[in-house]
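First chain written, first letter: the chains are A, B, C and D, and each begins at residue 1.
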Amino acid sequence: MSFKIAILGASGYTGAELARLISTHPSFEIAALSANSKAGQSMSSVFPHLRHLDLPTLKTVKELNFSGIDICFCALPHKASQQVISALPGNLKIVDLSADFRLNDPGAYEKWYENPHQAPDLQKEAVYGLTEFYRREIAEARLVAGTGCNAAAGQYALRPLVKDEVVELDDIILDLKCGVSGAGRSIKENLLHSEVSEGYNAYAAGGTHRHLGEFDQELSKVAGKEVKIQFTPHLVPANRGILATAYVKGNPREVHESLSRAYEKEVFLEVLPFGETPATRHVRGSNYCHIGVCGDRIPGRATIVAVLDNLAKGSSGQAVQNANVMLGVEETAGLMMAPVFP
Amino acid sequence: MSFKIAILGASGYTGAELARLISTHPSFEIAALSANSKAGQSMSSVFPHLRHLDLPTLKTVKELNFSGIDICFCALPHKASQQVISALPGNLKIVDLSADFRLNDPGAYEKWYENPHQAPDLQKEAVYGLTEFYRREIAEARLVAGTGCNAAAGQYALRPLVKDEVVELDDIILDLKCGVSGAGRSIKENLLHSEVSEGYNAYAAGGTHRHLGEFDQELSKVAGKEVKIQFTPHLVPANRGILATAYVKGNPREVHESLSRAYEKEVFLEVLPFGETPATRHVRGSNYCHIGVCGDRIPGRATIVAVLDNLAKGSSGQAVQNANVMLGVEETAGLMMAPVFP
Amino acid sequence: MSFKIAILGASGYTGAELARLISTHPSFEIAALSANSKAGQSMSSVFPHLRHLDLPTLKTVKELNFSGIDICFCALPHKASQQVISALPGNLKIVDLSADFRLNDPGAYEKWYENPHQAPDLQKEAVYGLTEFYRREIAEARLVAGTGCNAAAGQYALRPLVKDEVVELDDIILDLKCGVSGAGRSIKENLLHSEVSEGYNAYAAGGTHRHLGEFDQELSKVAGKEVKIQFTPHLVPANRGILATAYVKGNPREVHESLSRAYEKEVFLEVLPFGETPATRHVRGSNYCHIGVCGDRIPGRATIVAVLDNLAKGSSGQAVQNANVMLGVEETAGLMMAPVFP
Amino acid sequence: MSFKIAILGASGYTGAELARLISTHPSFEIAALSANSKAGQSMSSVFPHLRHLDLPTLKTVKELNFSGIDICFCALPHKASQQVISALPGNLKIVDLSADFRLNDPGAYEKWYENPHQAPDLQKEAVYGLTEFYRREIAEARLVAGTGCNAAAGQYALRPLVKDEVVELDDIILDLKCGVSGAGRSIKENLLHSEVSEGYNAYAAGGTHRHLGEFDQELSKVAGKEVKIQFTPHLVPANRGILATAYVKGNPREVHESLSRAYEKEVFLEVLPFGETPATRHVRGSNYCHIGVCGDRIPGRATIVAVLDNLAKGSSGQAVQNANVMLGVEETAGLMMAPVFP
């Protein structure tokens, strides 16, 4: 059985990553690709690394025919996504990779994204796509909202600890180190090789990063009360990878046990032995997330380090995993490739 | 049907790459791993990116039991390889990734590797592992010698041209740009990040690189007379990738046609439209080789640019492809993963 | 004695590099900076690495007052440069870093740059700024045209050989490996970190790169007859550096002697012992050019490898060196900083 | 007036950086270089980027003649340093770059470095080399102990806050991102380009990094009571640079004012406007340290980000600055070069 797949916004990095993953998926077949600004071009001219694949030509969204499409991945920028998805057939299964449907509350959306939501009904309908925690809801969802890549990394490190109440909830610090591709293929001065390579910096410091909206929503839901974390991302000179270092107050062994227990049966979430910490290069190109916990010379402090590939487990890999769940396919289908190292 | 695989020298980069590729191979199963210096360790402690796989513990070669092994990949350093392979069961199918069995002539071996060959009978028996050109021999071989990664890149650019006599044979210049992993996981000052990143240099200049032995043997065989090319490799700050720029004298269109014709049916060899040139980043992590040809403002000159991933198509991917042929499996099995970009 | 300096186009990389070099120049003082698109901003907001310097605010060219300016560096894009310089005071000393005045012949300019020159008189007046070969003319020039960075690297490798006739003039192949900053701070998709890092590729293959205009002009002038070289640049993932590999037909020892003799008294041009080849990382951030020569196993072939920092010796360092000559200052003033390694 | 300089351990990165800085120092002249393992070699064979300098040949320490030497930089590994310095003339001025004399307390030394100190008298005599805070003592010292590069970055961010008591002293978290050259030119698997580039990881997590000994000693001294911070360094794929992100509890504006006031007259310490954060690439190759402060959406939280070049301000630049102070030279002599960007 083969499912027909459409990808909207196929000319960006998450679009390309979807095509890469689906190219070896046993039961998915790419049937339609859109990229408004590059409509008419072949995918191999936009992404020559996919040259060997026999992919449909890029079209505008309007030109696509969705009859026969089993699931649609929407890899558009936020704001554009809600407009486009509103106009799609109402019974089409959709995995959205943008930020548009991550926040359920219209007020929260407007606060973090500075514009009123234009599809509030869809916003209510959407299921938050952190697969391991919303599997049942995703299986029944029509519209799944892929999480922020930073938000995914942070939540894998923190959710079980908040749920199990093994850490102080008002004193969680999350320091992220993020690869460049998280910013997408957008053409900006600060993303040039000359500006990024051989240096690094904090950005969106001071609690201003939009993924905080997701942390607030999700961690508060888990805790049953408001939880606000302190979160600072840093840009490092690597293309793929997020490394989340979480500083918490709690018993390190209990922290480790909480995570180990929570992820015991998860294929993609690997908790390292106590005291070991992971590296982004060991998950690159794959759907795995490695998580380590260690104590500190100061009693009652624990450090959690979680790594994942922002384009894979952080967005497109997660999206395929969600699509598998939505379509009743084996959840790991197409996602078992090992990381590429070195 | 599942074949049992052994990998000798599994703690090096080509060993890790074999494990990565085989981990999603539909009919291969890793049954034994050796790494003398790291015997007793788990593969995941040596290569944490393979942590999710259930792999055998590393052993010494002597500790391994080869009964039940269908094929053995030998990813040892040259010189060590010939000693180890001599002592293996005589009916064991072997793909060797070292330089030890690439040259058929004992004199040529001794000239380039500065020591007499210690297994001259095996040397004679071995089949040169450039799959697309030795498919039939490989299918019947017991011992296949993987090619040098530089030699593979250069030969994909040049063999058809030599065979079709569309270029001057005494004036071929090959300028290579090579990623760092080609030097393996050897711990040398000149391979440190601080020494490699943000800079580049020629090495083995002046016709001293050992892969010239392979070029001499193979191109002369194809031409039916002695062919000597001029060859200079350069180290560039990237982990994977070889880009071969070949400067030849001949009609550019004929050069392009020669390559297009030769590789028309090859799954892994992609000839670009005339005038386009490829990039290493478009084959990274994959078994593909992209080849471009362009002319020059000076008539009668052509430039061929070929790219491949030295760890994949240049060594471990080629090795799996050869093993597939030797075992009668679909030649592309386990090798259809798309390149990882960015 | 302190000379007042103006820099036009100060918001680009060569502008920043000029400011860096001049910041420790014993007799230069930056008195005016222009950057039309960023006029009104401080230099430290555009280039925070210059934050410690007390620099003039960026203005438009029109807002600048050139009275009292001793020399003006023009770091504008080609085409813009000829327009701006035409409108500057006729007695102002100028070092232009663009391509606009490198070619003396209006026809050649139009051929390579695809538009007719708009200041043909200035074009005639301009002196080609390869300091070591035009020192006397530069000392008396009002307008000096900085060379292309690729053209500089190639000429340092080749000019003495052409002059001394130690190589075949109709068979010179120049393979360049170029850092990313050579493309300037222009915001283009192919210059993004995600597109450049960890990969490399040829560009402007087939004899189409504009610096060929300079090679044609200069090498033909040296030879006294038309010389056309074959030239292919490659983009490598490093910010600074050009490595020129020249393949020539001639006696390697004679080639080495020719270069050694020519550069014997040059402070910035270092010829390595015969058989050694240089690395870009050993000239990074400096005004030095290292040149090596080796022979080949094929008699009568020589390979020359020259390296320089495209932003320093390849453009802004060269420009300061030329300004020193024009103003009668010690030629090496402000330029003796050692390379930054690692 | 020119001072004669000796550098012991000149074949490491801090040795090379000393030579680079001193090469343009107006009153320092390198008179002797040692490197036991490379004795007999020229400095240009060990560091070709210094090829243009006329430097003494490398010798063993024993071969050096210290009469006439005005100051000796000791860039040896810890443990070796205390042995070598013990045997040097008792009146020789020394700037030590190792860890051997940073901790005044023999017990603390033994705790962090796991061996008893072999020169406890010298340990007592040594002055801690954080120039801006020990200027007077350094001016009169014979032996100055260069600080750890991480310790320098962290202290620049934290000392004034501890002194001014504007932050909670028992809840300081310091998350460092460190370039690779901080590990020196040591030949280790985890420092290979293939292992480092394109990835990042925490190391010495859990309060085990040796620089904590310095933080404990210095911050407790400033506070007048025991202060223990939580400190986790991370290795990022860049050669130079430390970025320290400090998470503190206190009023962000007061934090900013405390730092601004403390560094108002410091040439090399630049405090950015409130709310801005710095980047390592803006101090690379220079002796500058940029420091930024921002608040958080959670009241009473501040984040301080400090960046410096570990080889310059973090070790060799600091060492030259200290030598200037010790010799009564202008403190900034030889150190005013601008950062190299890009």
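Methods note: contacts are C-beta pairs under 8 Å (C-beta built on N, C-alpha and C of every residue); 3 or more make two chains touch, one makes a residue touch a chain.
The structure displayed is predicted, hence computed values, not measured ones.
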item	value
A-B or B-D, whichever has more C-beta pairs in contact	A-B
Chain at maximum distance from chain C, centres defined as averaged CA atoms	A
Rounded Å distance between chain A and chain B, as computed from the means of their C-alpha atoms	36
For chain A paired with chain D, centre-to-centre distance based on mean C-alpha positions, whole Å	39
Computed distance of Cα centres, chain D from chain B, in Å	45
Touching two or more other chains - residue numbers and ranges from chain D	13, 181, 194-195, 197-198, 237-240, 278-279, 281-282, 284, 342
Graph class of chain-chain contacts, one of line, ring, star, complete, other	complete
Touching residues on chain C, where the partner in the complex is chain B	173, 175, 177, 194-195, 197-203, 205-208, 212, 228, 230, 232, 234, 236-241, 243, 245, 247, 275, 277-282, 284, 292, 294-298, 301, 303, 305, 307, 342
Complex interface listing, chain C residues touching chain A	13, 180-181, 185, 187-189, 191-198, 237-239
Chain D-facing residues of chain C, complex	13, 16, 19-20, 23-24, 47-53, 181, 197-198, 239-240, 267, 270, 278-279, 281-286, 288, 290, 336-342
